[in-house]
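Quick heads-up: structures coming right below.
Next come two complexes built around subunit A: one with subunit B, the other with subunit C.
Coming up: the complex of A and B.
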């Protein structure tokens, strides 16, 4: 049998789903974390013997008439896929709104069980709900649950109630307040909804006793006035971002990375000892330098990524995200976006794919597409190793390099937002409304679970895609086109060099026209972790992290000489990799959210152009300031950059002309 | 008077929602913001308002707050 989990946003559906299935789907404390449906089997320990139940977690919805696209997923599922039982998760602190949706669900003819969730919060506030009476007036079972508490959660009772309801033959009668009303008539439908709310109010009056009115000021409201303050809000947000990234990149992350790299080094030595001297050198270098070296170079940065995910999970759990959206709305409106656009961007600092999917909660199509296009500019977790590597090699592990990349990303998003607003010529402003969830002290346990599941995904990726890519890169640089082993001292004769060299000249104006860098930038499209892996393999550097000193990169100057570029070119390469299109998986996700080929190709072209022009500016201006002359390939790069800017200007003027014509016609 | 002109800690009754966006009107309805319902302004933060509708807090921008018309003479001070 199949159970659907439905309820208002942020009522705890996914938390409950995780508890009853044992899965680790992403949770957070703001409305709109879940934007797609997810399925899983209910743990057998919660069920009567011999039963098997599938449960479907759905995005939150306020009613059966969807406002944003993720809400329609929920409506469509309960309407079309006829689940056997609907479990309606009701936020016990807010039944006066939640029961509106409940009454709509009760009319579908599908058995409904109400899970009165967050019932622990009510006892803290002194609110009492008579769930037996509620069950009686709604004609459906009501179970008190606490989805965040694994021991005392009421989940067994909930599963039992759902199963026994399915076995019952008698139909569940819906509350009768809608008699004689034709829901297809618009006016009557409005009348019906008013009656529905009247019914809900009468139910609430009977079953709920509050000691404190919900409209009185609380400590939470005081906190809101500080974190979303006109002047204090932005500096506080900047400080929060700085703390998150510097803890993961400069403090805790590198310290853990050192320990891990020690183990990888030990493993390298162990394998080296086992295979011995007698093995074919091609095979042993494939195994040692290609696979262990390449994958190891990437995995060495895993602790940084894990710490980042841990910090992000704490942030998402606190309730701060909704305040950031409120805070940013004022600024994002100016660039044609909505305050809600900041949430995909923050989620995107972990991974761009869930970030892009989070754009579903944005109502306006243009804002949604623009946000999906700009979210990949935020450096994701997979780009962290590139930042850490270049900050370590060329900039002495300075924390400012890493954090400044995030602020540069924000600056780029602002400029790009304005440019896209001008290209589309859409000046419409849309309303902003968002529910503010209550703050809570973030759970370290939930953050640790989220971190471990992301780490697992990362290790699987390192052991599959990244391993294959590194092995392939190693093979391609070992052999020439004729199948010979590349002669010592002439790495340029390899297949890889032959493929990457023609591309390298495009990068001359950016300061890194070297085939190894070109190869790494290309493998980066498969997965951004590959950039570091490919650099490690092609430059034969087995690990970048020093175990002895507490430094992210082993003897920076040594790696520096191997790389053969200066720090200005290095910064340009870093910027190029951060701001060009994301990996293929993220591009796929952009495709499905934008639902438009034109937008997708426009976005890819825009990202490529932005990455190129930014890297060009950094390299040429940087060289001018440090050495007093322009860098190599200036003219070529200038032409390419001018072309990109020219195309954009052309698009904007086309839009303008069209607008003028339309206005004339209208007049 | 619109919601945007209301004062903090006052409970008002919604008179009307005047917007060209029919989806928004319906959405506000599903939150419990419709003619005759109570709405309370909690605070004013930069350009947004924080309001209490039913038993939940929402932030909304001044454009939306200006689209919510309050009914006359229904203001009541919140007794703390």
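Coming up: the complex of A and C.
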């Protein structure tokens, strides 16, 4: 038996899906989190004996006439795969909006059960919905559910009602107003929609009793006037992100990291003691420095990342991030994007891949491609160890480094969006309509689940891709091209140095023309965590977080001296790694979403150029301000930057010429 | 090569083989990036 979960965006479908299957799919307190269908078996404890049910979580939709690609997924699944029962999740706090879609589902003939979700929020606001009467007028079972409450959720009743409908093999009767109307006839369909709205209004009047009028201003509205305020909104957002970074990168995170690194150190010492001094140094170094040291250096940052994700999940769950989307709409509209583009970017702070996937909710092709191109600029979880490392070593672990990287990313996105708008010549304006979810006290459980999911992913990545890369890097820096072991004190003779050194000169104008940094930047394209792992292996630093030796929090002086670059070059290197193209997997996702080779290669070139020019400016201007002179390789970097800017200007002028010709023809 | 050398080489080979096996298995399942909870779904439409 197959059940389809359908409903408006942010009605709680995925939360309900997780509750009835035990899965941990990503949920968020805003519309558009789910962009594809997901399947899972319903927990046997919720079902009558002997029944087995598969449930399919579908992306949110406002109607059966799809507006975006993920709405098409829902329509196609319901129409083509004919589920046995449709469970329609209706947001009980806003049934007037939700029931339009319900009436369309009722016309399909497939049995429908309405789950009146978030009914706990109604109780708090004193809103009463007569479920029995609603069931009677809709002619289908209606069950009160609270998907976020595992004890009093009504999920058992919901599953029972769905199974019961299937066993009865009953066909869902269509609402009376739609009988005899041909939906394929445009005029009749429009007439049908009017009747649908009238029907929904009459139903709401009959079943809903509100003590607080929807038109009166609530405390939530007052709060919105502050956090989404034209002038106050951005400083508040900056303060929130700063607090998040302070806690995750300067306070709780490093404290936990010290404990974890102590364990990694202990393991390193244990293995070192077991293999003893008699082991071949090449072999022992591969195990100790390449594998344990390299992976340990990356894993050491795990607590910082976990705390950050926990806090971001709390913010998302509270409903605040939806306000951020609204806030950013004002700026994004000016560059030809809309607030809808900010949602993929916020999702991209976890990992760029789901962020890029989330661009599917954007209907305009140009906006979708632009958003997919710009989303990787947001610092994702894989980039956090790089931020944490450089903030800790060069900037005394100051939380402003992480915060400023987020705001620099937003500024870059806005400027880049404007440039892309000028290149494409598309001046179309789109409007962002988003139903703001209600503020709620965030769930620590959901935040913990989200955090653990990310932590698991990070550990698996460290134990696979990072481990293999670090072992390879260790081997490449141990041997020369002739197969000899690199003589002590001459690491430049290694294969790795020979490969990375020719590339290092490209980075001289950026302040880090050292082969180790070049090698780390290259391995970063496989996975961004590799930057930290490769730096650890190539500079022979077993870990970056150790209160005894190479303290991240208080004193990174030893690491600093090993790296051999100044803080300006370090900032430049950080910016280069954050704003150049993302890892290959994310590039693959960009390819899927853009559906255009021209756009993909354009995006990669644009990201590469942006990262290079930004790092060049930071290093050269930073050196000028701090030392009163320009940095090395200025002329070369200026030529490279001018070439990039020249290509952009050429593209813009081509578009303008084309526009002029088109206007003349039209005239 | 001493016995300990051989043991350590064996451990290294085992660890790397397991990591590569996991990466290859994930690729075959459509997961583009090992560990990522979402990347298996990025070619779905």
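Here is the rule we go by: the second predicted complex is superposed on the first by the 658 of 667 C-alpha atoms of A that agree within 3 Å, B and C clash if a C-alpha of one lies under 4 Å from a C-alpha of the other, contacts with A are read in each partner's own complex, and residues count from 1 in each chain.
Assume contacts are C-beta pairs under 8 Å (C-beta built on N, C-alpha and C of every residue); 3 or more make two chains touch, one makes a residue touch a chain.
These figures come from a predicted structure and were not determined experimentally.
In the superposed model, A:461 makes contact with subunit C only, not with subunit B. Shared-chain residue A:471: touches subunit C; no touch with subunit B.
In the superposed pair of complexes, A:229 makes contact with subunit B only, with no contact to subunit C.
Of the two partner chains placed by the overlay, only subunit C lies in contact with A:453; subunit B stays clear of it. Of the two partner chains placed around the shared chain by superposition, subunit C is the only one that A:287 touches, whereas subunit B remains out of contact.
Legend: residue contacts after superposition of the two complexes on their common chain; A:278 is shown touching subunit C, with no touch to subunit B.
Of the two partner chains placed around the shared chain by superposition, subunit B is the only one that A:431 touches, whereas subunit C remains out of contact.
Those residues of subunit A whose C-beta lies close enough to touch subunit C in the complex are 26, 36, 69, 73, 275-276, 278-280, 283-284, 286-287, 291, 351, 353-354, 356-357, 360, 453-454, 456-465, 467-468, 471, 527, 583, 585, 588-589, 592. Those residues of subunit C lying in contact with subunit A across their complex are 1-2, 4-5, 8-9, 11-12, 15-16, 19-20, 22-23, 26, 32-39, 41-45. Interface of subunit B with subunit A (complex): residues 9, 11, 19, 21, 23-24, 26-32, 34, 37-38, 40, 42-43, 45-48, 50, 52-61, 63-64, 67, 78, 80.
Per the touch definition, subunit A reaches subunit B in the complex via residues 62-63, 65, 67, 93-97, 100-101, 193-194, 197, 213-217, 221, 224-225, 228-230, 233, 322, 325-327, 329-330, 333, 339, 363, 429-436.
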